[in-house]
Structure formats: C-alpha cells, structure tokens
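Read through the structures below before going on.
Two complexes follow with chain A in common, the first pairing it with chain B and the second with chain C.
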Partner chain A sequence: MTSFTGRILCVDLGNGTAESRSVPPEVYEAVLAGKGLEAWYLYKHIPAGADPLGPENILAFAAGALCGTGAFLTGRWTVACKSPLTGGWGDANCGGVFAPAIKQCGYDAIFVSGVSETPVYLFCDGKTAEVRDASAYWGLDATEAENALHADLDPVCRKKPCVACIGTAGEKLSLISGVCNEGGRIAARSGVGAVMGSKRLKAVVLAGARPMPCHDPEAVKALSKELGRKIVKMSLPSGFGGFFGLGGRMMGRMPAMPMDGSLAVYMFREWGTQANTPLAVTSGDGPIKNWGGTPKDARGLPPQYNPDKINKLETLKYHCYSCPIGCGGRLDLRGRRYAAYPETHKPEYETLESFGPLLLNKSLDSVLQINELLNRAGMDTISAGNTVAWAIECYENGLLTKEQTDGLELTWGNTEAILALVRKMVDREGFGDALADGVKRASERYGGKEYAMHIGGQEPGMHDARNDPQLGVHFVAEPAPGKHTVGMGMEYGAMSLCDICSWAPPATLHAKKKDREDTEEMALITKANACYTMLTDGAGGCLYGVMMGVHMWKLVDYLNAAEGWDYDGDHYMEIGERIQTLRQLFNVKQGVDPASFRLPRRMLGWPSLSSGPLKGVTLPQHRAQVSSHWRAFGWDEKTGVPLPETVKRLGIDRLTEVDV
Partner chain B sequence: MKKPVFDYRNCVSCGICAQACPVSALGMKKEGKSGKYRNVFPELINDDCIGCGQCARACPMEVVTMEEAGDAG
Partner chain C sequence: MRVKILPPPGCDRSALDARSWAELPEGGTVRDALRLVRCSPVKAKLLLVSVNGERSPLSRVLHDGDVVGFFFPVSGG
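Showing the complex of A and B:
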C-alpha cells in the first residue's frame, strides 16, 4: 500500500456527469500527487489554444501525497488550470482541511471540465458524486456561501462537509480572483477563481469519511512526533516586534548566510507571516511606492505595521490540517476604524505589504478591512495591491484624471480613496471594472505600462529581486510567473538541500552582490530550490516545512515511510524536476513563450534607487542567470523550451502516453 | 463503549484527530493555552462518537487514547 487512493474524479459540467477513474501506479511514482498529478493530467488533457474561460479548460483540485498519512505540514490543497491571467500554467494553493477532505472522498484529485448553463456545486461524500443546483448560493460572498452550504448540508451529512468556493469576484470573472475555504482563506493566484466562475461552479462540497491510506503509518507518526516535540516548545518572548524596523535595516546590510530553519518556526508561531512587514520595508525585501520607493519614502510606516500590535487583536490561533505551528489567527476588529467587518483572519505579509508600504498607506485598520473584503470577494490581494499602486502612480503623473477614476483622488497614502477603489474593483463598478482584471489589462486600456508591475501578465509577490536576485530568476523562469513561493536566496540558506541532494551546492556566507552574478553554482542553487519546492507541492507540503530545512521537516524520510519506497534525495529531486518540466511543457503546448516573461525594468534597477539598502543596485546579469537556470534544467538556454533529451531522460514521453 | 480521552500536555493542535473522525464528533473547539499561546484543541462536540478509535490511531503525538466512557476524565 502507498498513500495514494489511486483514483481521480472527472466531472463534466457540460452534461452534469461525474466519473471515477483509476490512475496507474507509474504516474504516482513519477510525479506523486498534488501539483504533480495536476501537471500530468492538465498537460495531457487541455487542448492547445483552449479558451481559459471556456469548456475545454480543466479546473483541478488536488491533495498531496503525504496528506492524511500523519505527516506534519501536509495539508495544502492545490487548484490548477490554464490561467486566464497569463494564458499558460496557473496554480494556487491554500491550507485548511480541504486537502484531507478530497482524500476522504476516495480521490487524489478532482478534475472539472465543461461549463454549466446554470450555477451549480459539486457534492461528493465518498459514495456518490453529483452536480447540484447552486442558484441559492450564487451572488453570496465566499464566507456567506460557505456558511449557507453548511447550514443546508451539515444536518444531512454524517461527516461535516468541507467547502471550497468562489466569492463574487470569481462569479464576475475577475482575472485576479481565487478559490476560498474556511471563511475566506484563499488559493489566490493565477486567476483560478475566474475559471471556476466561468464554469458557473460556485462550490465543491466534500463530505467523505474514508480512511486515508499510508504504507507505514507508525513510521510516519514517529517522524511527526519528533518534530512536534521540538515545535511545541518553541516560543519567543513578546515585545520584539517593535524592533523589526531596526532589525530590517541591519539585515539590509548583512551578507547572505546559512541560517537555522528553526528561526522560521519561531517567527511563524509567534506572529505568522505578518512579522515580515516592518523587516521588509527597511531591509529592501518589500516593495515601496509601487516598487520605485525607498525606506525614506516609507518613513513612519514600520511602527504602524508592528506585528505585536496586530497580535494584540488576535483572539485565537488556528492551525491548518496537520500543522503543529499554527501561523493563522482570528482578529477582533470591533471598535477599529473603517470596521465594516467585526473580525478577519490575521493578514498575511503579502496583504499588509500590498496595501501598506506599496501604496504608502499608513492605516493598518484600512488594510485589515481590505483583507476581509478581498477574502470574502475571493480576490488576490497581491494582484489587487499592485493594480491599485499602478492606478495611483498613473494619477500622480497625470495619466489618469479624476473623471476617469470616478472622482477618486488617487494619491499615495490616501486611505479613503484606496478603500473606495478596492470596493469598486470587487463590485466591478465604474473605474474598478478594468482594474478587476489585473494591472496588465488595466494598463492596456488606460496606458501607463511603465508603471504596470507584472511578469507575463501576473503581478509579482511582495519581494524585490534587487534584494534577492535568485527570486528574480524564479519570478520569470517559473511557469506561473511572478509567484514568490518557488524559491528565494534566503530560504535556500535555511534548507540544507546539499544534505539530501548530491548536486545541490551548500549555502555559504557571502556578499549579497555575489548573488547578482551569473555562475554555474547559482544556476544549480535556483534549480535545486525549484525542484524541492515542486517535490513539496507534489507531497502537499507547506512552504514553512521547506523553510525549516531538511533536518527538521524530513520530507525524504516521510515519503519513503508513507509510500514504502527506499529512494534517496536525488531520486526525489528528479521528481520535482519532472513536475517543473511538465509545467513548462504545458506553457509551450499552449503557445506561451517562456522567454517573454520579463522582470519589470524597475525591478532590474532601472532607474536605480537613490538611497536605502538597494541604493544603486542593478541586475545586469539577470537574463544570463535565467538562461543558466534553464540550461541546468536541460531546457534550451535561449528559448526555455525543454530539450527532447530532457523530456526523454525524465520519462515524460512515456508518462504522457499513460491514459486514464 | 470506549470514547477518546485527551492528554493535552503533548497536543500540538494539528487537527489530525478531528479530521480522522468519520462522524465529526470531534472538533477543534476547546480553547486553552499552548505555552504562552492561546490556542484550540480537540474535544468531543456532540454525542455522535461511535467509539471507532480512528482519532487515537491517527494522532502522531499519542495524545488521544480510547477509554470506557465512564472512565473518561
């Protein structure tokens, strides 16, 4: 026995059918489950040139290989499809309990094709799977819809259902919308919500109670027990948060260095990702003023985003399925300014940065409200923040008039105008309508392309390539461009990948400027990082597991115990390489030119910044670094297309002949 | 019939036991402290428990044991 159910659910909304199909073991051996299984299936089954918002696109929901085995930090579920934002590979993932719910229905993944004429939801309880009328839930925000489905279905289900659904942004086909679960926690990127909306699929409701398979559950649990005992003892004294602005300034001047992965655990247990905001502003990691500003522009902002201040609003921590860290929390917003909503999830760093320093917005209260507004609408805060930043810069430079912005005075830090614009985007009202499809479309309509920060159509995550050139490589070499979750230099310093992979270079203490150079070592580092992240995604693992390093979160040992295999790290890294190559082949099949993904000039250092930790920093070797990264993967160094010998070496030619 | 009993001292709030329950008799509803952190822990939230022991078998931290209902403390 392995951890795989061996079955997938294939739903066709065109005719309302749902069919269970078996997947041969060699597919799982090659790509695991999660994003790997999705890459294999979507590459094979979405025809070239398919309309992302049409019936030929397939929307996939998948759990990872380790989900349900007792392995910690393996509760991520991944949504994948052809992205309407980039025209190529699209995926997003999220935590919660939806991943085990997929497996408890007896499936590793659910693939939804076709378009329904009327709003529907998919219901599956492990015995039956059916497409049901969702007209009663259409028009509700994600949290309202989830609550309404629970009210209707909990009393008639033996096992409490899990719900993943779109909010109104997905219904309105916003190209920057995502899929939500557990009260607005969102798989946000790549426009996956618009694809779900285009299919008129409001929700997927899962209420199965099947046992989840595992080869050696006792061995898996022993690994988790060892990790859990360490983590439960880890806590920081309170009160450090106020010093993070200063800490960031020091970090900005420090060299790159190997780090202990336990640092990430301490940070995420104490604050969640939100701790990074003041650090990022002063260290050069976080973008300021639409990626063109410096810490001087953001003077006074770090104290507003003091993580201890946010923690004081926290009423309760919560954990994703199988997570001993618990970075999530509920915040009480009653009595706060702009408090249209009484509570919200503790915002992620990405949201705080996107609507705080990126816009020079000093109002934490407004960002907390925007967090809830966008979570409920099901709109990506990263993409939305970048788009609002573009609008402000256009307005400040006279490219947009007050008439065009529906009377909004879109100036830096104008909290009221920012809030009003976000509401307009969510409702697709007036000026907000064009912005609801992201910054690329908005700039094509109104101009100001030089202020539109996107890579291949997708807005970048809130980390600056000038500070972390390895991230810059991933931003453009990643088949879903602009994602910040594939690799970073800082992460690599904590992962200790060289201890499981024979070809991964060790992390070293070195001057940051060395990371801007095109070297074979750098290419192997970015390749190793991407391969390990893809492996993690196939396993359903959390990025925090990656950040802990291989000695704390023992992915290789977990996989061998869960599957009954005896493979070494090199073998598993090749699985990650295969998944990444399949995703790149997906883009090639869909006519997306990998070489067309480019960092915005601003992120390359043109014009260069005049002060702060990134003063004068440029990335002249960035394109050469990308070419070297492609070459390390066995992809053409000029075009980024996987070479035939690479496809053969990874067995992808045989794999794509396997049918279900 | 045996029912789950929890030794919260070793609980890491991972929710594996609650999700393993086939009848949703367990929920992460009990509020308490984990070190300095205010956190959630598993508890029986209704009378639906069928005594199957899946929660105890799933828990990696050996927090959950099955005991006769009368012995549960």
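Showing the complex of A and C:
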C-alpha cells in the first residue's frame, strides 16, 4: 500500500457528469500527486490553444502525496489550470483542511472540464459525486457562500463538508482572482478563480469520510513526533517584534551564508509571515513605492507594521491540517478605523507589503480592511497591490487624470483613495474594471507600461530580485512566472539540500554580490531550488517545511515511510525535475515562449536606486543566469524548451502515453 | 564523530568542510563545537544556540549527525 488513493474524479460541466477513473501506479512513482499529478494530467488533456476561459480548459484540485499520512506540514492543496493571466501554466495553493477532504472522498485529485450554462457546485461525499444548482449562492462573496453552503448542507451530511469556492471577483472573471476556503483563505495566483468563474462553478463541496492510506503509519508518526516535540518547545521572548526594522537593516548588510532554518519556526509560530514586513522594508527584500523606492521613502512605516501590534488584535490562533506551527489567526477589527468588517484573517506578509510600503500607505487599519475585502471577493492581494501601485505612479506622473480615475486622488500613501480603488476593482466599477484584470491589461489600455511590474503577465511576489538574484531567475524561469515561492537565496542557505542531493552545491559564506554572477554553481543552486519545491508540491508540503531544512522536516524519510519506497534524495529530486519539466512542456505546447518572460527593467536595476541596501545594484548577468538555469535542467539554453534527450531521460515520453 | 555546525557571522569556519560538517571527538559538547568555530558562549546564548532545532545548554553532549545552529530570521512568505 502507498499513500495514493489511485483514483481521480473527472467532472464535465458541459453535460453534468462526474466519473471516477483509476491512475496507474507508474504515474505516482514518476510525479507523486499534488502539482505533479496535475502537471501530468493537464499537459496531456488540455489541447494546444485552448481558451483559458473556455470549456477545453481543465481546472484541477489536488492533495499532495503525504496528505493524510500523519506527516506534518503536508496539508496544502493545489489548484491548477491554463492561466488566463499568462496564457500558460497556472497554479496556486492554499492551506486549511480542503486537501484531506479530497482524499477522504477517495480521490487524489478532481479535474473539472466544460462550462455549465447555469451556476453550479460540485458535491462529493465519497459515495456519490454530482453537479448541483448553485444559483442561490451566485453573487455571494466567498465567506457568505461558504457559510450559506454550510447552513444548507451541514444538517444533511454525515460529516461536516469542506468548501472551496470563488467570490464575486471569480464570478466577474477578474484575471487576478483565486479560489477560497475557510472564510477567505485563498489560493490566489494565476487567475485560477476566473477559470472557475468561467465554468460557472461556484464551489466544490466535499464531505467524504474514507480512510486515507499510508504504507507505514507508525514510521510516519515517529518522524512527526520528533518534529512536533521540537516545534512545540520553541518560543521567543515577547516584544521582539519591535526590533525587526533594525534587524532588517543588519540583514541587508550581511553576507549570504549557510544557516539553521529550523529556528525560523520561532517566527512563524509567534507571528506568521507578517513578521517579515518591517524586516523586508529595511533589508532591501521588500519593494517600496512600486519597486522604485528606498527605505528613505518608507521612513516611519516599519513601526506601523510591527508584528506585535498585529498580534495584539488576535483573538484566535489556528492551524492548517497536520500542522503543529499554527501561523494563522483571526483578528478583531471592531472599533478600528475603516472597520467595514468585524474581523479578518491575520494578513500574510505579501498583503501587508503590497498595500503598505509598496504604496507608501502608513495605515495598518486600511490594509486589514483591504485584506478582508479581497479575501471575501477572492482577489489576489499581490496582483491587486502591484496594479494599484501602477495606477498611483501613472497618476503622479500625469499619465492618468482625475477624470479617468473617477475622481480619485491617486497619490502615494493616500489611504482613502487606495481603499476606494480596491472597492472599484472588486466591483469592476468604472476605472476599477480595467484594473481587475491585473497590471498588464491595465497598462495596455491606459499606457504607463514602464510602471507596470509584471513578468509574462503576472505580477511578482513581494521580494526584490536586486536583493536576491536567485529569486530573479525563478521569477522568469518558472513556468508560472512572477511566483516568489520557487526559491530564494536565503532559503537555500537554510535548507542544507547538499545533505540529501549529491549535485546540489553546498551553501557558502559569500558576499551577496557574488549571487549576481552567472556561474555553474548558481545554475545548479537554482535548479535544486526548483526541483525541491516541485517535490514538496507533489507531496503537498508547506514552504515552512522547506525553510526549516532537510534535517528538521525530513521529506525524504516521510516519503519512503508513506509509500514503502527506499529511494534516496537524488531520486526524489529527479521527481521534482520531472514535474518542473512537464510544466515547462505545458507552456511550450500552449505556444507560450519561455524566453518572453522578462524581469521589468526596474527590477534589473535600471535606473539603479540612489540609497539604501540596494543602492547602485544592477543585474547585468541576469539573462545569462536564466540561460544557465535552463541548461542545468537540460532545456535549450536560448529558448528554454526542454531538449528531446531530457524528455527521454526523465521518462516523460513514456509517461505521457499512459492514460486513465 | 561528525556534526554540522552553522555558525553565525564573524565566526571561524576553517575547521568546517564545504558542507559545514566538522569532526569532533566522541563525547564532545556544544561548548566544544563553539570552540571549534571560535564563537563566544555569550554570543551563542544570545543567538539561542540549538541542536537539531532544540534550544540546548552548552553542556549538551553531541552525537554523530547532530546539527548545531543559531537563530537567524528568515525572510519569506
């Protein structure tokens, strides 16, 4: 027995059918589950040239291989499809309890094709799977829809259902919309919500109670017990959060080095990702003023985003499935300024940065409201923040007039105007309509392309390539460009990948500027980053596990115990390589030119910044680094297309002949 | 025995191999590991010295394969 159910659910909304199909074991051996299974299926089944918002596109929901085995930090679920934002591979993932719900219905993944004529939702309880009328829920925001579905279905289901749904942004086909669960937690990137909206699929409701398989649950449990004991004992002195601005200044000046990532769990447990905001502003990691500013422009902002200040609003801490860290929380917003909602999820760093320092917005209260507004609408805060930043810069430079912005004074840090614009984007009203499709479309309509920060159509996550050139390579070499979750220099220093992978270079103590050079070592590092992240996504793992390093979160040991295999790290890294190559082949099949993904000039350091930790930094060898990364993968170094011998070496030619 | 030491900035890494592993005699402690990389006990305590992810006293006896680390904020999210 392995951890895989061996079955997938294939739903066709065109005719309202749902069919269970079996997947041969060799597919799981090759790509695991999660994003790997999705890459294999979507590459095979989405025809070249398919309209991302048409019936031929397939929307996939998948749990990872380790989900339900007892392995810690493996509760992520991944949505994938052809992205309407980039025209190529799209995916987004999220925590919560939806991943095990997929497996408890007896499936590793659900694939939805076709378009329904009327709003529907998919219901599955492990015995039946049916497409039901959702007209009563259409028009509700994600939280309202989830609550309404629970009110209607909880009394008639044997087990409380889990719901993943779109908000109004997905219904209105916003190309920067995502899929939500658990009151607005969102798988946000790649425009996956628009694809769900185009299918008129409001929700997927899962209420199965089947056991989730595992080869050796005792061995998995022993690994989790060891990890859990350490995590539970970790703590930091309180009041630490106020020093992060200072800490960031120190980090900005320090060299790159190998470090113990396991201890970063202190931060995640205490604050979640939001602790990164003051660190990022002062270290050069976080973008300021639409990626063109420096810490001088953001003077006074770090104290506004002190993580201790945010924690004081916390009324409840929560954990994802199988997670002993518990980085999530609910915040009480009653009595706060702009309080249209009484509470919200603790915001992630990405949200705080994209609506705080990126816009020079000093109002934490406004960002908390925007967090809730966008979570409920189901709109990606990273893309939305970058788009608002573009609008402000255009307005400040006279490219947009007050008439065009519906009377909004879009100046840096104008909190009221920022809030009003976000509401317009969510409602697709007036000026907000064009912005609801992201910064690329908005700049094509209004001009100001030089201020539009996107890579291949997708807005970048809130980390600066000038601070971390490895990240710059991943921003453009990643088949879903602009994602910040594939690899970073600091993470590489913390992962100790060289201890499980024979070809992964050891992290070394070196000046950061060395990372701007095109070297064989750097190419292998970025390849190792991408392979391990894909492996993690196939396993359903959390990036916190990745950051902890291989000695703490023992992914290889977990997989061997859960599947009954005896493979080494090199074998598993090849699985990651196969998943990444399949995703790249997906783009090639869909006519997306990998070489067309480019870092915005501003992120390359043209013009360079005049002060701060990134003063004078440029990335002249960036394109050469991308070519070397492709070459390390066995892809053509000029075009990024996987070479025939690589496809054969990874067995992808045989794998794509396997059918279900 | 071999232990992995991930020292903070300013320490001496010359006793470590390329992957940050070092030889220590059997029965060696955290204090011995610190001595190897010239890290002061005060600095080590301030930076929450740990073994395999657990905060540890300097007297803790190390075993083959142990990882000695220090707190360092990681940017991400």
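Just a few scattered comments:
Heads up, the rule we're going with is that the second predicted complex is superposed on the first by the 660 of 660 C-alpha atoms of A that agree within 3 Å, B and C clash if a C-alpha of one lies under 4 Å from a C-alpha of the other, contacts with A are read in each partner's own complex, and residues count from 1 in each chain.
Quick note on the criterion: a contact is a pair of C-beta atoms (placed from the backbone, for glycine too) under 8 Å apart; a residue touches a chain by one contact, two chains touch by 3 or more.
Keep in mind it's a predicted model, so treat the numbers as computed, not measured.
Of the two partner chains placed around the shared chain by superposition, neither chain B nor chain C is touched by A:413. By the touch criterion stated above, A:548 is placed in contact with chain C alone, chain B being left untouched.
Contact with chain B, but none with chain C, is seen for A:225 once the two complexes are overlaid on the shared chain. With both structures placed on the common chain, the touch criterion links A:233 to chain B and to chain C. Residue contacts after overlaying the shared chain place A:349 against chain C, while chain B stays out of touching range.
Once the two complexes are overlaid on the shared chain, A:317 sits against chain B while remaining clear of chain C. By the document's definition of touching, neither partner reaches A:16: not chain B, not chain C.
Once chain A of one complex is fitted onto chain A of the other, the partner contacts of A:498 are limited to chain C, with no touch recorded for chain B. Comparing chain B with chain C, more residues of chain A are touched by C.
Note: residues 231, 233 of chain A belong to the chain B contact set and to the chain C contact set alike, using the contact criterion stated above. For chain B in complex with chain A, the residues that touch the partner chain are 10, 12-16, 19, 21-24, 28, 31, 34-40, 54, 57-62.
Within the complex, the chain A residues that touch chain B are 70, 72, 97, 100-101, 104, 158-160, 209, 211, 217, 220-221, 224-225, 228-229, 231-233, 235, 238, 269, 314-324, 326.
By the touch criterion stated above, chain C contacts chain A in their complex at residues 4, 6, 9, 13, 18-20, 48, 50, 52-55, 67-77. Contact residues on chain A toward chain C in their complex (touch as defined above): 230-231, 233-234, 244, 247, 251, 254-255, 257-267, 272-276, 279-280, 283, 285, 348-350, 463, 488, 490-491, 494, 496, 498-499, 506-509, 543, 547-548, 551-552.
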